[in-house]
Each structure stands twice: as C-alpha cells, then as structure tokens.
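First chain A sits with chain B, and in the next complex the same chain sits with chain C.
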Partner chain A sequence: MALWFLRGLRRGVVTTGYPARSDDSAARLPTPPAFRPAALDRSTADRLVAVCPSLALRREADVLVFDVGACTACGRCQDAVPGAAAPSGEFELAATSRAHLVKRIPLLREAGT
Partner chain B sequence: MTAVRPGASGTLAGLLGAVSGASLSGIGNAVAVRLPAAELERAAHHLTGAGARLADLFAAGQDPVDLHLIWALDGEDHYLITQAEVTGDQYPPLSDIAPAAFAEECEIYEQFGIRPASGKPLNRVMLPPHAGPDFPRLGRQPPVPPADLHAPHTVGGHAFEFPFGPVRQVGVESLYYGLVTSGEEIVDLYMFTWHKHRGLEWRLRGRTPREASFHVERTEGLSAVGVGWAFAAAVEAALDVTAPAQAQRTRAVALELERLYNHAAATAALCQATGLSIGQAAAEIALERLLRLNAAVFGHRYLFGVVQPGGVRRAPDADAVRGGLHGAHGELRRAADALASTNSFLDRLEAAGIVTGEQARRLGLVGPVARASGQRIDSRADHPAPPYVEHRPAVATRDRGDVLARFQVMHEEAAESVRLIDDLLEAGAGDGTQELPAAAGSGLGWAETPRGEALVFVGLDQDGRITRARLRPASVRNWRGFDDACRSQNVFTDVPIIEASFWLTVAGTAR
Partner chain C sequence: MTDGDPALSSQQDQPGVPPPASGSEPGPELAAGRQLSERIARQFGRSLHIRTLDTGSCAACEQEIRLLAAPHYDLNRLGFFFTPAPRHADLLMVTGPMVRAFDVAARKTYEAMPGPKIVVATGACALGGVYQPDAFVHGSVAEILPVDVWIPGCPPSPLALLQGLLVAVDRLAEKVGGLSFAADETQEAAQ
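Our next item is the complex of A and B:
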C-alpha cells in the first residue's frame, strides 16, 4: 500500500485545468450546429428536419425549431445542407429551464433565391 | 467485417448428408441452408457434434416465422446459417441440444409468440412486464406472459433472496440482481435485464441503412465502432458493396482504439470493485488520455460517427495517433504492471468468478471471457476480413477462467491493439465510402468488439429499406455466463469484481 500511496502522490494530477483554463481537447469535440437564418427557407428546413436522427428539429410555418437538448451533434444536418448549418463550437450547455434549450430560428431566405 | 464467400466445407457437406430436404444458397457473405422445421433438431445435433458454435438464433417475418440459426465454423473460416419456416406456434426445442440457444428461445417467445415444443418454462429477458398487445414488438404477443424468474424468499434451509437493483449506484446501468444466499456465499443469481429495452430492432424497420447506423451505434455506446462495423458489413454483404481498402483500415484503427479504452475502463472498474482507489485513479488517468486521443484522432471521445455502411465518414488524424497513442498506453501499462504486483489486488482476483472452458463452450461465450477460459475464439483471427486478413492479431488466451485470467487477457490484447494500430497506419488509413444501391438483399456482418464477437443480420427490401435487422452484440452472449461465474464458490463482495471483469453492457443485451 505504501507504494500505491507514493505513486498516488507522484501521479496525483487532475486530468484537466478546466474551467480555470480552456481545455485543449474541446476544440476537437463535435458541437451542436449553428443555423444561418439567411440560408434557410421551408425547403431547406424540411431537408434538415428529415435528416435529424434524434428529432431535435421540426418546422413550424416559417420557423425552424431546434431543441439543443435533443441534439447529439452528429453532424448530419451540416453534411446535408453545408451552407445552412455549421458547428457552433459551443459545448458548454447550461440552462435553468428545459425550455431555454429550445431555439426558434426564423427562415429568412426567400424561396428560389 | 466483410465478405467470406460461400464455399464447400467438411461441416457443410456433412450437414447436407445428415438431413433431408435441405437446399443450399448464399446469404450475402455466408452459406445458408434451408431446412424443413422437422429437420432442425437433427441439424443442430450434427452441427454441435461437428464442433460448430451456435453464435445466434433469431426469428424474422410473421405467418410463417422464419427461424435463423447462425453457426460459427471457427476452424473453417466461415459462418453457416440454417433457416426453417415455422408454420404453427411451436418449433423443435433447440436448447436441450445447444444450451446457448435458451436465452434466444425466450427472446423469440416474447417478440414473436412462438415457443419450443418442449414445454420448458421461458423467462422474461427483453420486454418489460407491462408490455401489452400495443407494445412495439417484432411479431405477435405470446398467448401466456413469460415467467418472471424469482426465487422463493426462503429457498430451503436458511437460503433467502437478496434483491439488489435495478438502481445500483451512480453511473452504473440499471440491472436487477436476485442474489440467493445463505448469508455470505452466493447459492444462485438471476437478473432482470429488460429495464433498458429500447426496441432498437423494431425501430430499424423501414429505415435506410445510413439512417439506421445512427441507432445501431447506440445499441451499446461502448461498442459504437464494433457493432456499427458489423452492421455496415451486413449491409455491404447484402448489397454486394465493398468498402475502400483505406476505409477498412480506418475502421480497424477505430476498433482497436475502442478496445483500448474499454480495457482501461474495465481495469478502473476492477480497482473500484476491489477498493483500490489509487489504482482506480491511475487507470482512469489512462482512460481519460485514451478518450482524449479518440477525440483528437476521430473527433469523438467514444468514436461515434466514424463507421457508416459503405465506408467511413472520417479519416484518422495519423499525427494525433503517433503523438498520443504510446504515451496513453504506457500510462495504462504502468498502472496494470503496478496492479499485477499488488497482492491485496491479486488476492481478490485469483480464483474469483471462474468460468470453465466447458461452460464457456456450451454457453457459446465470446471475447476475453471465453479466451480467459482457454477458448481461442476471436473473429479477427477465425473469420478474418480486410484489413485483418493482412494484419493478423495474436490472440491472447489463459486457461484458469478466473477474474485474474480475464485481467491478463485484456492487457495482452491492449498491447496487441497498439501494435495493430501502428501497422494499419503504416499501411495507410483514410476516408472514403461507396454509394449504396437501393436494392433488395440480406447479409451477415461481424466484428470483434472489446467484449467479443458482435453479429448483425440485415434484410433489405427492393427499395433498400430494412425489413429485419438482428443486432447481437457480445453482451447478449456473455451475460448468460455471468450467473455461472458468480455461483462458483463466490461471496457477495465478489459480484462487482466479476461484473467488472466481464465488462458487459445491459443496454446491449436489452436493446
């Protein structure tokens, strides 16, 4: 046991300095998408809804409803419509209410443009 | 893994001679023999006698139900599927011949409502007790609910049932143990594994293979690559598609990284179970470094989203592997070496949770659990497909069958995984994927996950959509050996040690 005690002292490092300093590996993690309203119309929104495997997206008239809490950052929406969605880089997800994780994104692109 | 083409073998020729009314075909990459249902018992007798390993049993369709038995011919390099139509609500009993079939007979009863003709009681293994007629299932509801396995609270003499679970501790999957004990020694043990049932096989029906792969990866998150690869290989076999060579090597790099982090996590769990918190911290430092390595190499700590039917979605960052792999494995090896010279740790592992070679063979166990019991079973070596045809693994085995043997097998495998990753990167691992035609077909896929052989069978309709996907992760096989391991002269406090050494998932078996 004494050897384990000494070993623990020698190797007794925490695995990360986060949140006191940023974490190097965070930049490599998949993050939920950020959508560009100007690139979204009903047609592109419907394509995004169709590819989302975790049902995090739905369309209500001219609004894309994005439930960040249901998103697994799989990247399928970014693959399907690259101009309309890109990684947000946001991996610190916190809210005081479940409803705050649901974003409403207006569809600002006019059809045919 | 992919494509072993149908070919003649001694076992197959013997089977065709032993049964009547058989017809031969190819199902994707495996040999299929269709039999009259009345010949199933004779076929099972012949195949078990010839040394074939019953790797899976499942049903498909309705009116009639089509039974599929998958036999691994480990010495002959391929899988054999025997199929039989069941027109009534009973089929010939198979678990009396091949005990490995019992859990699947129970599953088929819950999902399809048909049962073996033996009259043997069938247990509830998959669907929850509240599963009524509207509950999503693959076939029809059984006429009589399956039995809820329970010991009487007084089991003769002074033995009684000690219930434990399903909520056990933070971060551990839901699982109910019924421990039958006389106070300290475990007389019997049974489990309820259905709490994590998600109806995955039901959910996959009607989806395209690419849509389905997202769900398949989540069958058991700790085998995202392995089960995902088995599924992708089944789809590719069904559609006669071959993934690019560099993508096959990428899959293998991801699979070996998956093996490494799982074995590190099992080591940490073993330390926790034996109360060695500093050893646990040492193993978890190695685990964290391996998970960060995964994120650096493939963009995901648990390697989700790497494999897809037809190829891979990402190439590995070779520089990240070279920069971090040996350091992270060195951390794990130093922790394992220190543990291997700590008597208070080894004393808890030696002679605990013994699974004999005969038990492992009869129950069809796979992976490190089987290999630690002297069974030299590794689908990378027994059923090699690219890239393992060129990059053969050395298979680690031990004979004692106890927890210590499993610990040793895991760490020998971890070192071998590092060697394989170096070789695979040297040969060239990249991205690339083949388009999938929208066509009908069926195929079998397999991969050697950290827990052992995973099998997936896929049937597609003419639009290329899934009609039946059978997911059989290694956990499905190995839980059936867990109660035997616990009964072998063990006491209460050995159970978490044995569970850590099996390193199974409940999600994988409940699906």
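Our next item is the complex of A and C:
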C-alpha cells in the first residue's frame, strides 16, 4: 500500500487525459470495419451481407449499406472476404441521430452483373 | 406512490406515450428545437447524474459502464456521477434490446426523472442491431423511449462511452457523422 502510494506519487496519475488529449487504447480494441470500395463488387458484397450476424450490412443495387450502430465488430466480414474490410480504429462513434450511423459505400459497377 | 398511479394508468391506456426517436425530422420547429437544445446543453454543462437501465442486456455493456468509475477513466473528474435513483438522474443510459416485459418499468423510470432529461442508447442491442423485433423484444430502445444520443459498440469501450456522454451534454462534437467507413484509396496507394 505504501509502496503503491510512493510509486503513484513518483509516476504521476494513471487517469487518462482523454477529452483533452487523445487516447488510442480504445482503438486497439475491436472496432467496426472500414470497407475498401475497390475490392467490392456485387458478389463480394453479397458474401459480406450473408456472413454478418447482426444484420449491419445490406446491399441496395450498387451500394453497400453499413449500419455502424448495428455492427458488433465481430470481424467475420474481414475473414469472409480478405482485403475488403479492415478494422477502422474508430471508437468515437456516438451519434446524435440514428441516421448518422448508416453509411452508404459505393460498389464497383463494371464487376457487377 | 398514489400520485404516480394515475399517470401510469393513463400511460397504459395509450401505448407508446413518449414520442418516437429524435431523428433528423425537418420542420418549422427546428429553430425552436435548436434553441431549446442549446439551453439544455447549458444546463447540463455542469455536474450530471446518470441512471443506468438494463432492458435485457447481456451485462457486457454494464461491465464497461462500471469501468467508467475505475481510476483510468474516472468519470467523476468530468462531473459525471452515477445515481441509484431515477428521481436524481439527468441522464438515462439504456442498454439491451428493450425486452417487452420491461415496458412499464422503462416508462416509469423515464417518467420519474425530472426534466430536462437525456436518454442515451448504449450498445448494438439498444440501437436495434442484434435482435429483430419479435414477441419478446422491441429490438430497439427507440421504440419505447425518446433517444437523444446513440453509442454503438458491442460493448462500447469506456472511452467510447465517455465520448458519448460528452456528446450528450454537448461538450464534444459528434464525429461519426463525417466518417465514411470506406477506406481511403490514396492512403492505400501510399502504403
């Protein structure tokens, strides 16, 4: 206890300075994926939609609709189509409107049917 | 207790008494609404008391919410405090997919809070991601309570929750609205 107290005094505080200073510790946790439009056509998008367990993905013609609010950052889309998705590293995701969390990602047109 | 009963019975007569989700509905009331939200932000700019409400969550969100009080995050330094009573709370943090059996309790909790009040939907379940509406769950907190701020994540990390709380009291700007979640091609080429 006394040792901890002295060490604490020497090292300073353990508390994050988050709102004032950036803290990337949360970015190393699972984060929702960012998709590469260049690697996505209709068939790969359909594979992503089929593999998503929380219904965060759906395809509307040549657009992949990604609901960040529904995403659980499970990483299955990254495994299903390698190169199409990678962790975004974004954790500051709070939104004042539900619609702000729905992202529309354009697909490659010429590769589609 | 007796004064609470008429309000409750009138609520049960008309289901869905609280207005639906505060989405991006345009209208002539927008300017007045913005003024009101600025006033509320001023009022909430000081210390703020949080009541958590578990509507069928798996408790992962609760675990992260508990971590907010840990020394590393220490939300008390920002003026946030947890309170066990909704009557003392300014902000309601709702987790879980809103189990139908919890309707009355959720409405009573919301009604018990003094105004002005903020509702924060926390976690993918509360945002309508994991569970679809069925006989047991509404699937989204917005079906029952008017949600002001949405915090995604399964579960959201304590820093994400902290950012959500600061967005809720307007001390931090929302960031996710400007993100595309499409990887930047120029960045890819540079690598």
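The criterion applied here is as follows: the second predicted complex is superposed on the first by the 92 of 113 C-alpha atoms of A that agree within 3 Å, B and C clash if a C-alpha of one lies under 4 Å from a C-alpha of the other, contacts with A are read in each partner's own complex, and residues count from 1 in each chain.
Everything below uses one rule, namely that a contact is a pair of C-beta atoms (placed from the backbone, for glycine too) under 8 Å apart; a residue touches a chain by one contact, two chains touch by 3 or more.
What you are looking at is a predicted structure, and each value in this text was computed from that prediction instead of being measured.
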- Item | chain A: partner with more touched residues, chain B or chain C | C
- Item | Contacts of A:101 with chain B and chain C, given as first, second, both or neither | second
- Task: For A:88, select first, second, both or neither according to whether it touches chain B, chain C, the two together, or no partner.
- Result: second
- Message: On the A-aligned overlay, A:75 touches which partner chain: chain B = first, chain C = second, or both, or neither?
- Response: first
- Query: Thinking of the overlay built on chain A, is A:60 touched by chain B (first), by chain C (second), by both, or by neither?
  - Reply: neither
- Message: By the touch definition at the top of the document, which applies to A:29: first (chain B), second (chain C), both, or neither?
- Response: both
- Task: Would you tell me the residues on chain A in contact with chain B in one complex that are also in contact with chain C in the other?
- Result: 15, 25, 29, 54, 72, 74
- Complex interface listing, chain C residues touching chain A: 21-24, 71-74, 77-78, 124, 127-130, 132, 142, 147-154, 156-160, 162-164, 166-168, 171-172, 174-177, 179-183, 185, 188
- In their complex, what parts of chain B are in touch with chain A? 211, 214-215, 276, 278-279, 281-282, 284-285, 288, 292, 295-296, 299-301, 304-305, 338, 342, 344
- Item | Interfacial residue positions of chain A with respect to chain B in the complex | 1, 3-5, 7-8, 11-13, 15, 25, 28-30, 53-54, 72, 74-76
- Note on the structure: Within the complex, chain C is touched by chain A residues 14-16, 18-19, 23, 25-26, 29, 32-38, 54-56, 66-74, 86, 88, 90-101, 103, 105-106
